[in-house]
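Same chain, two partners: chain A is paired with chain B first, then with chain C.
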Partner chain A sequence: MFDNLRRLFAALSPSSRADEEVRPDGGVVSEESARQPDSGSDPGPVGRVTEALNSRFGSDFTESSVFWLLPFLLMALFVYGAIIWNLLISLTDYRGFANAPDYSNLDFEMYARALGDPGFIDAAINTFVLLIGFTGVTLVVGLVLAILIDRGIRFENSFRTIYLLPMSLSFVVTAQFWLWMYNYNNGIVNSVIGVFGLGPVSWLGNQAVVLPAIIFALMWQFSGYAMVVYLAGLRAIPSEHYEAAKVDGASTMKMYWRVIIPQLKGATISAAVVLMVFAMKAFDFLYSLVGGYRPPNGADILATKMVREAYANLNWAYGSAIAIVLFAMALSVIGPYLVYEYRRDNL
Partner chain B sequence: MSDTESRTDGDAAVTARIRQNLEQTTVEDVGLYVVLLVMAAFYLVPIESGLVTSFKTGTAVIETAPFAPPGPSGFTLAKWQAAVDALLRGMGNSLLYAVPATVISAVVGSLMAYGLTIPNWKQAYKAPLLAIIIAGIFIPYQAVLVPLTQFWSQWVELTSLLSFVWALGIPNDYAGIIELIVTHVAYGIPMCTLLFRTYYTNLSEEMIESARLDGASLRRVYRRIVLPLSGPMFAVVLIYQFTQIWNDLLFTLVLVATESSPAAPVVLILAGLGSSLEGQDFALRMAGAFLAALPTLAVYIFFGDEFAEGVAA
Partner chain C sequence: MATLELDSVTKVFQDGNDEIVAVDDVSASVDDGEFLVVVGPSGCGKSTMLRMIAGLESITSGTLSLADRVINDVKSQDRNIAMVFQSYALYPHMSVRENMSFGLEESTDIPDDEIQQMVSETGELLGISELLDRKPSELSGGQQQRVALGRAIVRDPEVFLMDEPLSNLDAKLRAQMRTELQRLQDDLGVTTIYVTHDQTEAMTMGDRIAILNDGRLQQISTPLECYHKPANKFVAGFLGEPSMNFFDVTLQDGVLRGDSFEYPISSDVQANLGDTTDLVLGIRPEDIELVESASGDHDFETVVDVIEPMGDENTVYLQFDPDAGEDAETLIASTDGFTRVPEGDEVIAQIPEDAIHIFDRATGDALHNRSLDDAETIDLE
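And now, the complex of A and B:
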């Protein structure tokens, strides 16, 4: 299979190499670096700049820039350029069918409006509940699955594949399944709780239960991911730790609680960060659930409110302001994580 | 049994643990397998229920249990037929941008990860650059949507820039497809770079260093040593990117806008499929959901093990 992919890639690569040579600045840089070794006699202005850059950043700096500079600029423009631009738009009063915002009059009106908008406050609280609830529940289920699977069971691969299966489906698809699962008259969830004499419950229509119901559906989709991460973490723990705990006469529960779980801190952090990112993309799920911009009552999150304000109500500046709040929320999770990884020399 | 055997080629510790468990089959073990099977049912039931429902007639959907297969009188392929009719166009459109965007972002990610990992320049400058790139993975895309709309509608107007293409009779909605390719490549770069970087940091340094000492240029090292070794990681990245791009709804919603557009991708059509004023046609929805998931499910089933190793890395 790899051979096929390699062949496919080999078939594709001549054209990509040709592209590389067409790129104007990429070509220039590589010519400089080719000239560089014999630049001792007369470096010329370009050679001198190259040498200065190399002595500042390291010997391969200019030569390696062919590989990363252009994609980096493209990425920086679309990610960081766009976020700064978005911040700017959020300070204008841009709305309606006008083609472009008017940047002459900047103020924080949109943020003040957000604080006075009960819909925004609700969406912010829901986002927070979704992030914490979904991440917590999914981590616990993933950890339990990983511990069960790690106990040397038979058919391990089959179980692992089944548990990971929902993750291969998109939000758009799983939303269809759960719409059917949560159906009031014919849904499986109501038939299951009906066995215990409960319900039926209008899962997506009742404000009190809609958010937990959505968290449950998302947990179904992503707990397999948490399981895989934890499984890798468990496999990295030396088996002497298990044996030592056994020799000490610790019960299985105690062994996991005292000895094993504390060693899974790294796995927990990395899984939690990725799960929070998934949760922030729950927009796709909520949109597909209703086929529109307005999620079920009680399940509006900042991601859906932002898109609705901007693209349905044409309140572009207000939407941008909500997006900045969402971005700040993401940053408060990601920032510490990146610092943590940087400190541990993982970057 | 083959499952157990294939596992035992791993480390000896796991083998020991397996053997220990096999020797003492107890009540506890029976409980373990019951829990595992119940959990397997939990993950499979929504999918199974969707599958059987997609083959049911309207009356069978109401009369039979949601997880029971349709009886001979309630069985129909009409919903699948309708789903194919509604979605086939969208699946073609999705392939039109998902395939190029996947291939380009994987190639670019590989080049970029190489440039930021193997060449010799100061870690003090590399690390912040990498942090900036990796942070790009975690951006909520809502934070870039309005500028993205501005960029493609005011700054780079493909509908007028490529007017010669539309003159050939191709609907100018297909500008949205090109926008999607560029957009997905730009936002896919961080993840592709990270995946390749993890892989390249574990490559043997000796081989590369000796090639460098022999005077090989960075280009040559990439083409002759790094690229031929990148096969397994290309598999992971291509699978990951294809799934992400095929499944993404947000960008298609913003850049292509309406499901009635000739360039509408499959996710956009699926989101509105089977709902009308009379209520929801669940059988049609389920058939559509399976159809839309088919390419990614196929990729997952054929390459699932590589994918599992990739996400664990």
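And now, the complex of A and C:
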């Protein structure tokens, strides 16, 4: 198939490629000199375009396009096309059962409405708290677990599996059994704190504690992931660094604080980005917790708000505007990470 | 700065149900300001010994004392020692300055500005002042080595421990650093224990060398004494390149009988041997003379097998009996670089009696060492 394409390609750009030497392994030797148009022969319009593209994007740009162009176009249409379409919708006043949005009158009315909506402000703050609180707590717990396991405790492998296991569970499952554990009357959490004479606390009903309770549940699910990332980072640090720090007179705490943990910067950034993305996708967890778009009071986040506005209230344009805000937040997390990785030549 | 004393120090590692003795009953005393080189083949326990002194490995039995204080159970944080690692172990996230000040910050209460002062002075001493603000990854191997050294020196510890610190450098730089380290140690006068597998480092750097094999201390003495008066066959074979020639011989009527030759010995030498008759004859390659014609009992006809020209000298592989093929006993001789001996030629190898070593074949102990009458200028003590 590739051969046919190449023949077709050769036919389209007659002069410059016809004399190329075909290697026995089927590849084509494209010498720099071979692409210089000979004086007197016309490269043709396609040839000129290929020439320009190749000199801009690298010598095999057009030739390799057979492999990447189709997936690239599909991705562009269904991901980035959809985002742009969503942005357009957010600029209209589309709502209710109208057949199609009216694109003739675009303005930022929906964004203004969002800023004036206390529900939106609350959801944005909750999203932010969840993002920071969940990521921070999970990283700290993961780091402590990783350090303990790295110090060669017994049953190391079993502990690693036990901690990592919750991550393999679906949000739907974990939400359901945290719902049971947080149950006001007979949940295990209230039973346990009842032993110490505390509670019972309405974990999911009390606006003040519902968000920390949800952060705790999510932390339980993802600290194993942070632990594995940190464990890999710890294993990459040569044991001489621990020994050098000890001989230098540092106590165990100081050794970790000043020598080991600073070397885990890369692991921290990778884990933090993944955890933040999970935090923004906490929609699944909240949806499963209550079985609907309306999470407990005090735990509404932008993702639930967006879906509720769009599909429950049919405020299509308003939902789109919230989606764009959420998208911008995600981008502000991923963007710096990509720049960081690019600077370190990892991309 | 203090005397370090090892008394019957033993280290046993548990590997499942097996016990692996890494260091076996080593006793040694390192004087204040002394430079002791510990040398031995890979896996002889020399690094384990160093790590025990550093407090990074526990001591199974025996006592380790520093300045008359037993430090078996003192944590390495509190031992006031500094160690230079083979891999340097510089903290990659800290600048050179931070690397060097870390130890002082952690182990002393010296105020920050004084620490910075000390770091700058050490930097000048080692010629790394302009590197102080760089990260280790921006330094060459030789510069990293200097920083690792500076990190130890700035601490002004009671003992320096060095674990093959020069083995990651190229040959030229290694020779240069060897001299510099010696000069530094002389100036600072800090008790130093230096582990290496490189016998050139062992011979040239130390005040004394300790030779370890299989966790056991073979000999601890000055480099020249170890070289000329080895305590046993292992030491004799380990020091010197190319190494000493060994031949299994049996003593009969004042004659050492080997597979390919007979070597008569004088009554003086014989007196050292006692009743032992199963012996090993040893002779250093540089003591063998190649002569024109056989003139005595200690001259042997040989055939040149291979010549390795080194420039300043040639290493010549001689065969006693070329007809024996693979099994032929080979004698290695060093001659100066200008002597030309074509391969395949017959030459006479002279083995002077005053240069031979004789070892007990069963125990390996040296029974007779070369005489040093012609080397009065060498100070062995």
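Methods note: the second predicted complex is superposed on the first by the 287 of 347 C-alpha atoms of A that agree within 3 Å, B and C clash if a C-alpha of one lies under 4 Å from a C-alpha of the other, contacts with A are read in each partner's own complex, and residues count from 1 in each chain.
In the analysis below, a contact is a pair of C-beta atoms (placed from the backbone, for glycine too) under 8 Å apart; a residue touches a chain by one contact, two chains touch by 3 or more.
In this text, all values refer to a predicted model and were calculated from it rather than measured experimentally.
Asks: With the two structures overlaid on chain A, would chain B and chain C clash, or do they fit side by side?
Replies: On the superposed model, which is not a single observed complex, chain B and chain C fit side by side.
Asks: In the three-chain superposition, say which chain, chain B or chain C, touches more residues of chain A.
Replies: B
Asks: Regarding the shared-chain residue A:Asp248, is it in contact with chain B (first), chain C (second), both, or neither?
Replies: It touches chain C, and chain B stays clear.
Asks: Please indicate which partner A:Ile162 is in contact with in the superposed arrangement: first for chain B, second for chain C, both, or neither.
Replies: Only chain B; A:Ile162 stays clear of chain C.
Asks: Identify the partner contact of A:Pro262: answer first if only chain B is touched, second if only chain C is, both if each is, neither if none is.
Replies: second
Asks: First (chain B), second (chain C), both or neither: which does A:Asn183 touch?
Replies: first
Asks: With the two structures laid over each other on chain A, which partner does A:Pro238 touch: chain B (first), chain C (second), both, or neither?
Replies: Touch partners of A:Pro238: chain B and chain C.
Asks: Classify the contacts of A:Ser202 with the two partner chains as first (chain B alone), second (chain C alone), both, or neither.
Replies: The answer is neither, since A:Ser202 touches no partner chain.
Asks: Going by the contact rule set out at the top, does A:Tyr287 touch chain B (first), chain C (second), both, or neither?
Replies: first
Asks: Contact-wise, after the overlay, does A:Gly58 reach chain B, chain C, both or neither (first, second, both, neither)?
Replies: Only chain B is touched by A:Gly58; chain C is not.
Asks: Once superposed, minimum distance in angstrom between C-alpha atoms of chain B and those of chain C?
Replies: Scanning every C-alpha pair, the shortest chain B to chain C distance is 7 Å.
Asks: In the superposed view, which residues of chain A touch chain B and also chain C?
Replies: Comparing the two interfaces on chain A, one with chain B and one with chain C, the shared residues are 238.
Asks: Under the touch definition given earlier, write down the residues of chain B that touch chain A in their complex.
Replies: 1, 3-4, 6-7, 11, 13-14, 16-22, 32-33, 35-36, 39-40, 42-47, 49-50, 53, 61-62, 65-67, 103, 107-109, 111-112, 114-116, 119-122, 125, 127, 129-148, 150-151, 153-154, 183, 185-187, 189-190, 193, 217-219, 222, 227-228, 231-232, 234-235, 238, 243, 246-250, 253-254, 267, 270-272, 275, 280, 282, 285-286, 288-290, 292-293, 296-297, 299-300, 302-305, 307-308, 311-312
Asks: So in the complex, the part of chain C that touches chain A is made up of which residues?
Replies: Result: residues 54-56, 75-79, 81-83, 85, 87, 89, 91-94, 102-103, 106-108, 151, 155, 161 of chain C touch chain A.
Asks: Hey, which residues of chain A end up touching chain C in the complex?
Replies: Within the complex, chain A touches chain C at residues 238, 240-241, 243-251, 254, 258-259, 262-263, 265.
Asks: Which positions of chain A touch chain B when the two form their complex?
Replies: 1-3, 5-6, 9, 12-13, 16, 30, 33-34, 57-61, 63-69, 71-72, 74-83, 85-86, 89, 99-101, 145, 148-149, 151-166, 168-174, 176-181, 183, 185-188, 191, 220, 224-225, 228-229, 231-232, 235, 238-239, 242, 273, 277, 280-281, 283-284, 287-288, 291, 302-303, 306-307, 310-311, 316, 319-320, 322-324, 326-327, 329-330, 333-334, 338, 342, 347
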